[in-house]
């Protein structure tokens, strides 16, 4: 809760600072706020009571290791992203304050989604997360791509919200409560009307599938990712993804665990479909951002495996480690991409040609990020994948085999970037200048990846 | 000690990659020599009869999942460590002859590879093994794709994905066995009791026959692609031909031994229950591959490609010897892994040397080199004889034991595998004849004889070829007891 | 003594190392001295061994443990018994003479030092072959001599044809070697060891089905076929004449090709247990003897004729072995070593004199130009043709007697037929070469000269041996010298007491033996005389190969066996290699691998179309998905 | 009696909803949507949720729909200019939503039995009660909703802003 | 005990709201004018509201009606933002026809 408040206040401060004329302060404020929130989370993590259900927030929210840990993930991601904003927002001067504000607002939504104990809070959290993003997607107001992205995201998003709500209503009708705990008890004790519960669960599933962009509810992702400003895309593919999957896991592991036999069928099917479609489609992309969009869809597919293992111990830790490594790698990749693409207006792989000669460190960072996303040892991404697979292997070996084959397929497109950077003999003529913020972010990202390679257990064992 | 073998090259690699000092090659050579020294010391202070792994080094890595950073060597590991660190200086030194652009990067990657390979052979923990196994793949991928030949990108990507898919199945198999290890309470995880990835614990697992069947299949896919065993070999000739010679040497000399080692150390001991079901299939694949590959090699005109196919045949024989899973076969494979490494490095060095001099690898454009370069001709002859397995060269004892092992497994397979000694003579002598004999052509007439460096490298290799040919027991003695122990993990 | 035994093979090895490494910088005399000197050393040691063996039985000497894998213990050790010491004598003795001869013969070759290095290496391997105390040691030498013959046949490597011939020899040997290797495996599997002593001891104790013995013997015999150029693996030997003539003399006549005989004799214990194998050996030997003799009739290359005669003589030896007459075979090996070496060397001297010319149709009347050569060649010819009391006379006669005793008239007839043929082509060779008048070019006539002493002295020594060699083992019924001396010598190690057929139990009347001998001898004399009138004068020379017709054409073309092999084996393998590469490897297997990748990409292209940018499609897709998921409720 | 009212309201609301979807003119859609909301409000009354009914009319029919109408006028889309989708597409859409309805109803049919408490207090729908619940139990979401509104406001303002560049 | 609860089975409300919901879905699928699509979504939300209200009455549990308030809140917010986006797009493309938006594809 502290983190939530800090972020909210920071957002408001940023809004007002945006109105004044010294916009230089905005980035430091945002970074400071996020950092403070991170510290607060860490403090809660270490000293807060992490025992049982406590109703400090009228059984609406509950800040325990699970929520706190994931808050940590998104806060770290946001911190890194905020490091990029200085240069990333350079041509949004007129709405700078709003941009920072909206980023922080939707971060608040994410925090709600980690710690809800009531469907109302989940619903509000999702909306608080989404509505600012609808706007941010269109924050380049004169860019038709950005506009289109915004409208597509908005229309489909609110459509999905409608379905989600119908599901929640049914669950309410079936179990006479919005409280996750009561729902869980009702389902386990069988004091509920099965049909309504099941339909409700399916409809909620659809809503959440949409949020994490799982096939066949993923159609928005590639277009929106491509159309949105790069920073927003980064935010979507890291924070939103994390929030979505974490909320998903929380709801289904706490609330609907009693009906796991029922919903695991749907989830398994969607997971398989997601992995296959996303990876196979990504092979054909020539545009880096679009490729990353499909890659993030495929990662949603992998993450769904952990949902299937919701009953197993360690599945939460697997998701945590996975989302963390995935977010960091993605942010590093996008940081390099922004520099390269925005400085020569070319988002295709060919833009990276010969980067290893001009900017060896950026190239190395990108390469490591790609290896980590592909889950190749000993990069941190491998451990993410490993723990994910290991928790679900017992129950769904065939899904794991499928996932394994898919992650092999994914190498093909991740390596397109490496090939362009290192192996293509023809080199572009543009120059890449690297702002200090980017250097720091990339460095920090690499450091974190290295750290996670050395001690993955510390994260995995966190919850 | 075990840790040193890995850390020295890795640290040096990071230094070379990050700092990019001017004199990368000298540093690389020094590092490899240092590693060789360490390996030699290990070999000398190694007690052959000793129980289980020696020079243990073990720290918890992911205690909450029972993953340990555990190293150690028994005779088998030791042999491969010797192989790796013996070839490493030669490979580095031979690369001096070529001037690669951004060479500190090149040597950095080579060192990284060496470190990873040592890791593979020393790992006593399943996941650690897997991690090193893949880590070895990354530098070689970069080496091949950056400094490779014409069609390098397509070929190396194919090579990478192909081998990666294979090893992923190995990961699954490891995972399966891991999930069936007994829950051990570790002091590292307060109150938590976890599975364990330690080799000793994995070996202890008793699998049901059908699950063992799957586990072994997973392992086999990984190692069959790596070795490679027919029909998983098609990445190999292209890769060998396209890679820079240093890379080819690493691949053929050391890396494919990872596959054989994996079979001996991991595949069979972890899923022995399925061996008797699988081994007929594996054996027939391997034996068929021997004949198939050596037959194809008969008419190859590209020197590197020819050696590549011959290597498939030789490794096929090694694999057959291993799958036969008897003392003769295993000991033979031990010996032959070392010898094949030496010979194939020698052959590729020769090929590279000719290519540098003449600018071609096509045998049809050579001939008469023996006249203008007698020293070279002699040493090439020695290396060639080694790979034809003429007695009193290193090739023979290994091949003898391997064939004997296969024969003991099944007479007809032994006979079929024996064809390799005929085919081997056919294609090797043909290649040698086309390259060295005949009237010198305009190009070959002034073919410069070996310079100092080349003389050293080929000389050392030739010396090894002869020396090991006369005294194979020195190697066999190292591995004997370990092989017996591994054998005892399977009762037919 | 035991400590000195290893020196016998290793002295030549040292010579090889010195000549090989530093020979380039040494003067030819020094090289020659080192080459022959080391060999002389081992000759003397061998003699010493011979005495000791004669006095106090076999000598065993072990250097170190070569390798030991569970029950298989191979020592790098030597066994010097009657059989091996006898072979050693032949090898070192004849070898030494040939070395000396080569000093003169190779004098103008720039590869002089290399040549001697190779020769020494060959002697080393050959000695390993006969001295080894286990099958594996034998195999070392076995392949080593093959290698040396490869090196020496391809000695003038600028000529691609010679290179090919060398390769052919090596590969054909390898085919045999595979048989030998498998035989060794079978022996190891059956008797649990590869050491002669242990194996032959185990034969008495271990009881296995006779088929196993047959299998072992046949596999070993395949090796012998390759090495000793028996049908079907003989075609490499005539081509091997590409090498320098001393090589042909040493390797392809005197020593290496007799390794097969040695092997069979060494394994007599095993062969005695398998009559079928014995029979097979005999048949192969006899067929080879006649077949190659027929080819020899129509060859015009002086060395080719000798080569085919070698093949046929080897055939006779195997015939002897096939009848269990081991000592007879070795006896013939010995005499054959003498006179065939003599013939080759004198042929070499002829070629030397003719400046490299080998076609006998371009020669003629050489007896005036090179008298010594003529006389020694004459002796050689008569010796091989079975002229009374010369070396070949006794050894061959023994073989015929055994043929008669073993197989009866038919065998005897065929065997002596081969002898007749031998006499025919040898005399033809002699007369066409040395009689009539010169048919070469002018400057050849010019260049024509007798060879230097360093070459002729060894010739004379060999000639002397070819004359007296026969008295080593005179038939018991004509009581001259020390009858059956050699046979008794070998009886010391149990050769020649094969249960099936052996000289001692041979129930032939002395009169029969006399008549047999007289018949063959008479035949030989008649032929020698008759041939003089056919070829002695300048008329009816051998016509050119093209002009020949009918059977003789076939003979001249070696019955097209090479072509047959090309058609049956070489071409299919080479074609198959190409096809396999392009269709099986590149097209099928690799195509499949790439095809999978392509397939995935195509699917990707299809999926890509779903993402057509049109939001209604997306929405309807979502609804469809929702419906599908809702259907799970009904499950 | 109540059943009759319910059914008529239901039928009417469905008809209005269909008109909303089918009428070509956006303005008509808005108006009929408002009517639909009224029928739904009536349903609330029937359900004894009077406050909800009021709010529904005020917020939806009043605020939101007016906003829609306002935007329509602003962009003057108020004539029948909206291009229609092809018939085939309409059929496809109909089938899709029809399937959805079928599956929904089919899945829910017969399974809907909810734990109706023996004595239900009819007061829950009244402001007093709702207020208490909202400000005790649901105070956190109530506050959080503030963030939502603020975000929405800022967002709307931001997208509405004219670019300085122009 | 309200007579609604006595006379009208809860199924009826479920069916009614399902029908309305699906009509809304149909509208979303079939209309090309973004504003009308948005209205159809509002219709869907209202269907949900109706359902919640019904449940809350039948369960005599206020949470449902509270939820309705929050849904209204969100609906309002979405409407505001959505219309804002529409206006922005209309400013650029002079159209609110969603079928014309396919710059981003594949």
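As written, the chains take the letters A, B, C, D and E, and residue 1 is the first residue of each chain.
In this section, a contact is a pair of C-beta atoms (placed from the backbone, for glycine too) under 8 Å apart; a residue touches a chain by one contact, two chains touch by 3 or more.
What you are looking at is a predicted structure, and each value in this text was computed from that prediction instead of being measured.
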item: Chain whose Cα mean lies nearest the overall Cα mean; value: B
item: Chain-chain pair with the highest tally of contacting C-beta pairs; value: D-E
item: Farthest-lying chain, centroid of Cα atoms versus that of chain C; value: D
item: Whole-Å gap separating chain B and chain E, where each centre is the average of the chain's CA atoms; value: 66
item: Distance between the centres, which are taken as Cα means, of chain D and chain B, whole angstrom; value: 70
item: Where chain C and chain D are represented by their mean Cα positions, the distance between them in whole Å; value: 103
item: Whole-Å gap between the CA centroids of chain A and chain B; value: 42
item: Overlap residues in chain A, where contacts from two or more other chains coincide; value: 120, 124, 127, 131, 134-135, 138, 141-142, 150-152, 155, 159, 163, 170, 173, 176, 195-196, 198-199, 222-223, 284, 409, 412
item: Residues of chain D whose C-beta touches two or more other chains; value: 85, 89, 93, 96-97, 100, 104, 107-109, 112, 114-115, 137-138, 141, 145, 148, 151-152, 155-157, 159
item: Junction residues of chain C, two or more chains touched; value: 597, 608, 611, 613, 615-616, 619-620, 623-624, 626, 630, 633
item: Chain contact topology (line, ring, star, complete or other); value: other
item: Which pairs of chains touch, using the document's own definition; value: A-B, A-C, A-D, A-E, B-C, C-D, C-E, D-E
item: For the chain E and chain D complex, residues of the former touching the latter; value: 1-5, 7-12, 14-16, 18-27, 29-33, 35-36, 38-40, 42-43, 46, 49-50, 53-63, 65-66, 68-70, 72-81, 83-88, 90, 96-97, 99
item: Chain D residues within the chain A interface of the complex; value: 104, 107-115, 136-141, 144-145, 147-148, 150-152, 154-159, 161, 163-166
item: Complex contacts: residues of chain D adjacent to chain C; value: 85, 89, 92-93, 96-97, 99-100, 103-104, 106-107
item: In the complex with chain D, residue positions of chain A that touch it; value: 8, 12, 15, 57-61, 93-95, 98-99, 101-102, 105-106, 108-109, 112, 118, 120-121, 124-125, 127-128, 131-132, 134-135, 138-139, 141-142, 150, 170, 173-174, 176, 191, 193-196, 198-199
item: In the complex with chain E, residue positions of chain D that touch it; value: 1-3, 6, 10, 13-14, 17-18, 20-21, 26, 29-30, 33, 36-37, 40, 43-44, 46-49, 51-52, 55-56, 59-60, 63-64, 67-68, 71-72, 74-75, 77, 82-85, 89-90, 93-94, 96-98, 100-101, 104-105, 108-109, 112, 114-117, 119-122, 124-125, 129-130, 133-134, 137-138, 141, 145, 148-149, 151-153, 155-157, 159-160
